[in-house]
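Next come two complexes built around subunit A: one with subunit B, the other with subunit C.
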Partner chain A sequence: MKRTVDVSLPIGPVHPVFKEPCRIKCETRGEYVLNAEIELGYVKKGIERIMRGRPWQEVMFLAERVCGICSVIHNMVFIEGVELISDISLTDRAAYLRVIVNELDRIQSHLLANYSYCYTIEHETLAMYLLNLRETAMDALERLTGARVTCSYIIPGGVRFDLSEADARWLQETVDTIDSELTRFVTMFKTGSLIALRSKEVGIFTREEAIESHAVGPTARASGLTHDCRLDHPTYRRLDFTPVVYTEGDNYARIMVRFDEVFQSTALIRECLDRLELGKIRGGGEVIAGTSRWAGEAPRGELTYQITTDEYGRVMNIGIRTPSIMNIEACAHYMIKGVLSAADVTSTYISSDPCIACNER
Partner chain B sequence: MSRLQDLKNTVRSKSIHVCYVNVGSCNGCDIEILACLAPRYDIEQYGIYVHNNPREADVLLITGAFSPQWEDKLMELWEKIPEPKVAIAIGNCPISGCVFNREGSYVDPPVRKHIPIGAEVPGCPPRPTEILQAVLSLAPVVFKDYEGGNE
Partner chain C sequence: MVEYLYERDLSQMKYIIVTSPLHETVLAELAEHYGLGRQAIRRKMIEECDMSFLENIPARYEVWKAEDSPRDPMERQLGMRLLTVCIPMLSPEEMKAVEASVRSQISEGIPEAEAYEAGMEAIREMIRR
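Up next, the complex of A and B:
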């Protein structure tokens, strides 16, 4: 059958709802979206190319600047990859501190993603509440690591700064604040009739489609896949952790997965604080030659680093696979296709939490 | 100075529309610009309104180390902004390229080679308060007596 396309609708690269430049090209019949394509390449910097041949001390900072939103996990996965090559062991205290900082980073990233979604569906009140709550998480990150973004807290064999007794108590209170405030906002989100109209049964992404398009992270978990790299992580295995899974696969489920993961993160931080015993935060070690492949769960899904080092500790070859690339493709091929209006294109796109800087590097 | 001009100066310093564009940053500076919107910093109490439409903007915030895709697009974007206008470079990247300015990378800093920049806020990334301060201190100076040819 010959398809009639009324309008070819380009959205971007600079658009009010986009935090980063990218272009969505939609073929529409009336308002109905027949087909969508996402054009990337506006922030390509060539980070992997400049990483090659540099000592790990430099690559560590470059790895963190692959993505500003989820900088802690990039730091963590790269350092854990280097530790795997060189067989550097980790003290218990440092391992738990890493989890605490990583979970704080996940909290702020998820809150930012949900803020963007609420802002896109024009629910500015809830968006501002979430953005304000995110500042509380940023305060905690700053107090622990010394910087709001790109804090380079994790180093081979441990972490940079210790957590004092007073800070631990303060962190406990902060986490309680986040929990109690967010409970209120999630109730607002669940009961808002406007939100349900704009979110439920919009951008459907079934389990079969998720498997086919290799979706990862909250996007996949909202469609019923249970995959989460934290299940394979040695420190998380010691903690009480089960992935959050929804089966609806619409925009509402994707946002709710993120909300529930924030509650899960606060529970993990509490558990880590309980288990934290006094001890060293840094061990010794030397980076040697070798190759490793290590994956971790970024806020957006599975993040993989493949690292080859030489005997002087230089990174000779590095490959990074970031989660957003699969989610963006899944978004263009399955979620956006078939939405009923052009306004839902942007909200569906934002609900998959794309990170352009991450996947172009 | 006429009374009308005084009125225009007052209005312009209390109503600043901001557009931000990412020309190859790592997102760190972008989320700090977004954090300015949060009720804690409350950018709108100063009359600054952030949205991403260059045709309504007075101030253009630029983040990132200038990737080659933007070579023609950034100038086009800059020309779409109505006069009087000013561009502010946020973060180390548009100033020097920061960590990305190495042999073999695709970036082409500084951004001031490509469009005129009014102010630069260094930092990797700068704090939201610093971004706010830069916009607030620069915009009234640039927009004052614009009709008088005092650019």
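Up next, the complex of A and C:
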């Protein structure tokens, strides 16, 4: 049997800082990590095969079950792919409501990722503050969509529920709270000397490596790449949006990109609320036969759906490329390789915000 | 002295990864270009790449296609960077030997198409091996 790594330090599949099971196999010399690889396959779902042959109404629910952390974007990209095939148009109000819910999902996902990182580097106080703040975003998601995780909010031609005046005011206050609380926590992160010791110049990931491995999302933007699918999205293009980019490529930069993107998300939500005009939240249309390839910016980066439907609206073939596929590979072969301490393996891995559920779709 | 831990066989899980719809698209293109069966390419990928790498093959293939290098005729024909860096099925040394042989054939006056075909045959042999 082929061995690509001589394993001297196995981490996982069950480990206190891992949210999901995977095994990091490291080849070490003393504390120095010479090589690493990630073993997957503990929670493989085979969801692409389960989706095949089913009507879009069923696949829509399956799509958001690919990942429990960023379910909204899976729902959104699948539905937008179906809309692209069938030329179904969207009302303005529904388009802005989709962005609001998607950005709330991004806020909770980024806060969870940064919570995990702080927990991994043993800064549990800040970790718990962030996890508590995440609940504020989860409450907002629940109030808007009726569910915390698998919301099924986005449907072809619109969204499922409208936003009342009272809910809009409450949401405005909620994002204000998130902003003010997070400002305090980011200051704690920036000024923590022990945090800097564990994060700065650790797990370096260069721009060239990011291009080669097709890294996406905050992981790539922390290494100087500006790619963000929101730049190509019709609704985001109407909003004032510029990607957050850092150039250091270390753990610190990856966490800071996510913190800054939370502030950016709250600004986008405010802008959408300002632009929200009264109107319909659902259009009409019928799903027809065709093929589409559509990508959206998930909290972890570019999420692509390649969909083929038949004339009855059944999904005949579907390929899902989640951002964690690229980022986990980049993490194993570039970031972890060369870290000076075995203790930095877990923190570097968590800094790339790996989602095994997405990877093992 | 470090004691190495020997691992369980991951071939079955790896096979599930390389039969996903997006992998099938890449495999179809590679099989057509190199004139090989998909199963032979799958076997080589499973042997040479770890699981996270296998998952990332469709994205890496797209990176290669978007690069400037495929415009270079030899890279476009033989896929030297593709097979050693983007989807490392062959070692850089193996690929260098193929490249050197193709270049020497061209310099000896053998038509480019013939030299490339000889290079492709050598690559096919290495992948089948």
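One rule holds for everything that comes next: the second predicted complex is superposed on the first by the 354 of 361 C-alpha atoms of A that agree within 3 Å, B and C clash if a C-alpha of one lies under 4 Å from a C-alpha of the other, contacts with A are read in each partner's own complex, and residues count from 1 in each chain.
One rule holds for everything that comes next: contacts are C-beta pairs under 8 Å (C-beta built on N, C-alpha and C of every residue); 3 or more make two chains touch, one makes a residue touch a chain.
For clarity, every value in this text was computed on a predicted model and none was experimentally measured.
Asker: Sharing subunit A, do subunit B and subunit C clash or fit in the superposition?
Answerer: In the superposition, subunit B and subunit C stay clear of each other.
Asker: Contact-wise, after the overlay, does A:44 reach subunit B, subunit C, both or neither (first, second, both, neither)?
Answerer: both
Asker: After the superposition on A, what does A:328 contact: first (subunit B), second (subunit C), both or neither?
Answerer: second
Asker: With both structures superposed on the shared chain, find the angle between the C-alpha centres of subunit B and subunit C as seen from the C-alpha centre of subunit A, to the nearest 10 degrees.
Answerer: If I round to tens, I get 100 degrees.
Asker: Regarding the shared-chain residue A:278, is it in contact with subunit B (first), subunit C (second), both, or neither?
Answerer: Neither subunit B nor subunit C is touched by A:278.
Asker: Determine, under the contact definition given at the top, whether A:317 touches first (subunit B), second (subunit C), both, or neither.
Answerer: second
Asker: Go through the superposed model and pick first if A:166 touches only subunit B, second if only subunit C, both, or neither.
Answerer: A:166 sits against neither subunit B nor subunit C.
Asker: Taking the superposition on A as described, I'd like to know which of subunit B and subunit C A:359 touches: first, second, both or neither.
Answerer: In the superposition, A:359 touches subunit C alone.
Asker: Taking the superposition as given, does A:28 touch the first partner, subunit B, the second, subunit C, both, or neither?
Answerer: After superposing on A, A:28 lies in contact with subunit C but is clear of subunit B.
Asker: Which value in Å is the smallest Cα separation between subunit B and subunit C when the structures are fitted on chain A?
Answerer: 9
Asker: So subunit A touches subunit B in one structure and subunit C in the other; where do those two contact lists coincide?
Answerer: 41, 44, 46
Asker: Touching residues of subunit B toward subunit A in the complex: what are they?
Answerer: The touching residues are 19, 21-32, 34-35, 37-40, 51-54, 64-65, 67-70, 73, 77, 98-100, 102-107, 124-125, 127.
Asker: Which residues of subunit A touch subunit B in the complex?
Answerer: 13-21, 41-47, 49-50, 61-62, 65-69, 71, 112, 115, 128, 131-132, 134-135, 138, 148-150, 355, 357-358
Asker: Looking at the complex, which residues from subunit C come into contact with subunit A?
Answerer: 2-7, 9-11, 13, 16-17, 20-22, 25, 47-53, 55-56, 58-60, 62-63, 85-86
Asker: For subunit A, which residues are in contact with subunit C within the complex?
Answerer: 1-8, 10, 25, 28-29, 37-41, 44, 46, 48, 211-214, 306, 317-321, 325-326, 328-329, 332-333, 359
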